[in-house]
Structure formats: C-alpha cells, structure tokens
Amino acid sequence: MLDRLSRDIEALLFATDRPLSIDELCELTGSGEDSVSQAIERLKAALEESGHSLVIAEIAGGFRLMTDATHGETVAQLFEDRRPGRLTRAAIETLAVVAYNQPCTRAAVEAVRGVNCDSALKSLLERNLIRICGRQETVGRPLTYATTEDFLSYFGLSDIDHLPRRREIEEILSTGMPAGQDSDLFEENRG
Amino acid sequence: MLDRLSRDIEALLFATDRPLSIDELCELTGSGEDSVSQAIERLKAALEESGHSLVIAEIAGGFRLMTDATHGETVAQLFEDRRPGRLTRAAIETLAVVAYNQPCTRAAVEAVRGVNCDSALKSLLERNLIRICGRQETVGRPLTYATTEDFLSYFGLSDIDHLPRRREIEEILSTGMPAGQDSDLFEENRG
Amino acid sequence: MSADACRISLDAFEGPLDLLLYLIKRDELDIYQIEAAVVAEQYLEYIRKALELDLDVASEYLVMAATLTSMKSRALLPASRGQEADEIGEAEALMRQLVLYKAFKEIAQDLRESEDLWRNIFPSAGERERWSADSPPAIPGQLTIIDLLTALEELSAPADKAPDQRISRPVLTIAECVEELGGKLQTGVWTTLSALTGIGFGRSRIVGFFIAILELVRLGRLVLRQRRPFAEIEVLRTEFW
C-alpha cells in the first residue's frame, strides 16, 4: 500500500497542468526535500510493479504523470483532429539554433542556416516553442528569441542546460557567429 | 499485473479531457462491450488494492480517471492563487490597441475596434493587465489607459519597449512572402 | 552527375549549405579540407542541371554559387601578394560555416527523435476545472504576444494598405530574371547591368541577374562586354533570343 505522502504526490502530479518542481511539491505537501524524493521513488516503483500504463516523467524542470509511450497510438486517437503535426525541417533546424544560442536574433539564425527563416520563426512562435524575449542592443535593435517551457515539454527535456553539449558548436560560436553569405561575398570586394 | 486492455483503458481515461463512454472505449480499443466493462472492473480493483490516489469515476455518461476526494485539499492548493478563464476576443483586441497606443482613451480604442469596449476595458482592469493612468486634456477630459507591470510579466517582457514594433509585426505575420536577406536595402529606398 | 541524381530537386534541401553538405558527403570529401575548385565544380554543376530542368532556383543558392565561383577563380590564378591569406580565410570561413550547420543538422535530427517519442506520451488533462473557483483573470502562458499581434493585425488589415508599407519580396528565381530581362532588352541596343537590375536593390538580385545573363550568353542569346576592368558590364540581345 502506498503511504500518505506518495498518494498526495501522485494526486498532485495527476491534477496539475504543468510539471511541478521538487520545491513546489515540498511546499504543497508540507514535507522536506528528502521525503519528497523518496516518495517519488516509491511511487515510480509502485506504478511499475503493478504494470500500470502511467509513468513519472521528469520534464521542464519538474515532475509530471504521463502515459507510457507504448500506449501512444491508442491515446493519440483521442486528439487526432487537434494534435499539431510534426515540425517541418526548417522549423526544427531553426529551433535547434535558437536553443543553443538564446537569446538570439533572426539574423543570427539565418547566418547559421544560410536561408531566410521568417516563416519558420513565425510557426515556432505560434506553437509557443519560442518566444520574443527582448531586443539586442545593436544597430536596429532587433528582436531576440528564446525557447519556452513548452519547448522543454515538447521534447521531453528536463532543463535547457541538459541539451547535449556539442564541441564544434561551442568552438565556433566562441569565436563569433559566421556572417551571412551576402556580407562575406561583398566585403571582400570592398576591401 | 494489469493486462493490455486494462492498461490501454487506463491510459485513455488518464489522458482524456472529457468522460469517455463504454461505446467510445470499445471503438478506441477495438474491443467488445463485455471485455471493456470487465477491464474497467479490473482497473478499479488494481487502483484500490495498491492504494493509489486515483479512482475511476462514472460521470456524465462516461468514465474518467480522477483524484479521490480525500486529496481535494492538497490538490486545490494548485489552483488557489492562479486564475483560470481565457481572455475573450474583445479583451485581446482591446489589450492590443492599448498596448500599442498607450496612453489611450476609450474613444480611441473604440475608433479602432468599431464597437463599444466598456466591458472589455473593465475585465482588463479587473485582471490588472491595464490601469487608468490619467486624463486627456481635451473636451470632457476622458480617462486614459496604459498597460501594467503585470502585463509585462504576463507576456514575459522586461520592458514595454520590447514589444515588437508595427513593422516587425508585419514581418512576423506576413506569410508566404518572406522578407529577404536584403530587407535592409529595401528600407533604404523608402527613406 | 547522373540523371537520377539531378532528379533530387532543390526542394529537398534546406538551402545552399544543406546542398553543399549533401555534395560533400556524396563525393566523400573531407569537410575540414575543402578544395574550393572541387566543391565549386560540383555545386555549380548541380545548380546548372537544376536550371536546365527549369527548376526554380532561389537567390540564396545563386549567392553561394557566386561565392564559390570567386573562390574557385582565385584558387586557379597565380597567387599575388596577400591573396593567399585571403584564400585561406575564405575557405576557412566556409568550412566553419559548414561544420556549424552540420552540427545543428545533427541536433535537429536528435530533436526529431525526441519529438517522435514525446508526441506519444500524454499528460493528464489536469483538474483545474474541478478544483478552481470560477474567477476571471488569466494564467500566464494562455496568451502570447503573437495573439496580441494577430489581433492588432486583423484589426488594421482592411483599413490602411498605404503605399509606404514595406515591400514584401518573394525569393527571386532565375526564370523570373530571364523573363524580366526579356522585357527590358531590345535587340541591337547595349544596356548596362545596373540599368537592368535597378539601383539600390539587393545583392541577391544582382547575382541572380548576373547568373541569368551568363546562362543566356552561353546559349548565344546575349552578348556581354566590359570596356575596361571594373567598368559597367553591358549586355546586348542577339537575334537568337
């Protein structure tokens, strides 16, 4: 039988409409961090042991009860007509660049991808996977973009810092973003 | 251990946002009525036996997974200080006009929207997304409205100046005709 | 290049960098040791085939074609003072751009896999309706700036479409360049390139026109002349147009 704390946590993780962090769970249950962590472990074990279709996922900085992937096809039927489609390649590439460079301007994304990214940015904004987060203090004060919590949930990431590290990207970006093709081509001629 | 059908039904009752009838469950799982009814019974028993906080409730002619009432107090905390209810279309339009024209009178909003905006302004004031910021020194000295700090935090902006400008709006919202890499050059022509 | 390979239309690529990566992989070239002449040759060959097949070629591809052509011609010329360094800088810049884009392509692939997995994992709908009082105000995240912008856009849409608004410009294709050239050139009259492209327009437009003109020269429909180095390029329409 599950203890009271595990039951409380289970109820919270079911009823919430966003992931709940350990801190929030401590406050909501009036328990300490260790007790809460242990209760989560007991809950995980109980769900697994009796073969339920539910799992505790750690995403977007918190915990949430979710169906396990083996039931995806069955459950997806419920949302058939309102589930957004997979992202386009342009959108997912644009998202990758924003995720690794945030906050980041449209021009910076376009410098990496070598193509216009207007419509990709627009569709990402509409799906709330990126947001406008400010302006860059350079000429023209362009808008900057960053990823959202929905981005983390959408890809099952627990934290933006948990994106896999990429050496090439870090090396190249640390020496400055590449300029756009246009400027590459024409600056030589001017010089 | 739960069988496949019970697990499928559990996943469906967990993820659904409305009660599912026996007929719907039959269709979604591709099983007969008797099998589905029996699977629901097994699921009920399994949840009770291991003392989970979730129960299968029969409401509005269908089934759905819910937290059991003994956790009501804990769960209700989640939603205590957070305020549900979507902004209406009228409120969103009014808010957009105020945000981009502040400080701005009711008459100015109505001139743009072409309809009476009393109740939209009232609901925005109640939600503390706009505030009364003064009077316009014209005939009748009408009240003027501006956005609040809550407005900024609601949209994740640190400064009202970070709202996209009209021209940027057109860029972001224009579909199919992406502005090219040469956008800066086109603007020179205008000036 | 085989006929099959040509059938891979440019639509399959996310731009010139993507096409270059495809060619580098296809020909098993070393991305870290790019030989401008080889890569440029393959790329230009691909673009040329695409043009022959009457595929629309976006100006971004043409800008890259111009960059590669410039790199290639420098590589072929005897090196003058300071030029060698330029060449290395150019090749290095392209290499870095390709390595960076390749890394992001791989990340995009990882994200795609996560997307496919997590699209099949569902949260509960939550119990907000059940446990919260029915009070007005809004929850952050229900509404985004985009909703505000869309509302504003729709409000102002029918009203003012004044001529001073931003000129939206679709991507320029070679076919469009050729068509525009046809309208502007008269047989037997020399016309300058700048008169054809118009002054103050984008570089992509100039490059697009230039490539279209080179193609038309190759087909014998145009003749080109330049009176001295760096002078205006002039174009003449022949009777074979």
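Lettered A, B and C in written order, each chain numbered from 1.
Everything below uses one rule, namely that a residue touches a chain if its C-beta (ideal position, glycine included) is under 8 Å from a C-beta of that chain, and two chains touch if they have at least 3 such contacts.
Remember, predicted model here, so these are calculated numbers, not experimental data.
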Most centrally placed chain, judged by C-alpha centres: A
Most distant chain from chain C, judged by the mean position of its C-alpha atoms: B
For chain A paired with chain B, centre-to-centre distance based on mean C-alpha positions, whole Å: 19
Gap in Å, rounded to a whole number, between the CA centres of chain C and chain A: 29
Euclidean distance of C-alpha centroids - chain B vs chain C, Å: 38
Residues within chain B bordering two or more other chains: 11, 14-16, 65, 67, 75, 78, 156-157, 164, 171-174, 176, 178-182
Residues of chain C whose C-beta touches two or more other chains: 60, 122-125, 127-128, 130-131, 144-146, 171, 202-204
Of all residues in chain C, those that touch chain A in their complex: 14-18, 58, 60, 63-64, 66-67, 70, 86, 90, 93, 96-97, 99-108, 110-112, 114-128, 130-131, 141, 144-146, 171, 202-204
Residue ranges of chain B in contact with chain A within the complex: 1-2, 7-8, 10-12, 14-16, 28-29, 46, 50-54, 65, 67-68, 71, 74-75, 77-78, 156-159, 161-162, 164, 168, 171-176, 178-182, 184
In the complex, chain C residues that touch chain B: 59-60, 122-125, 127-132, 134-140, 142-153, 155-156, 164-171, 200-205
Complex contact set, residues of chain A against chain C: 14-17, 57, 64-69, 71-73, 75-76, 79, 83, 86-87, 89-90, 92-93, 95-97, 99-100, 112-116, 125-126, 128, 131-132, 149, 153-157, 163-164, 166, 168-169, 172-173, 178, 181-182, 184-186, 188
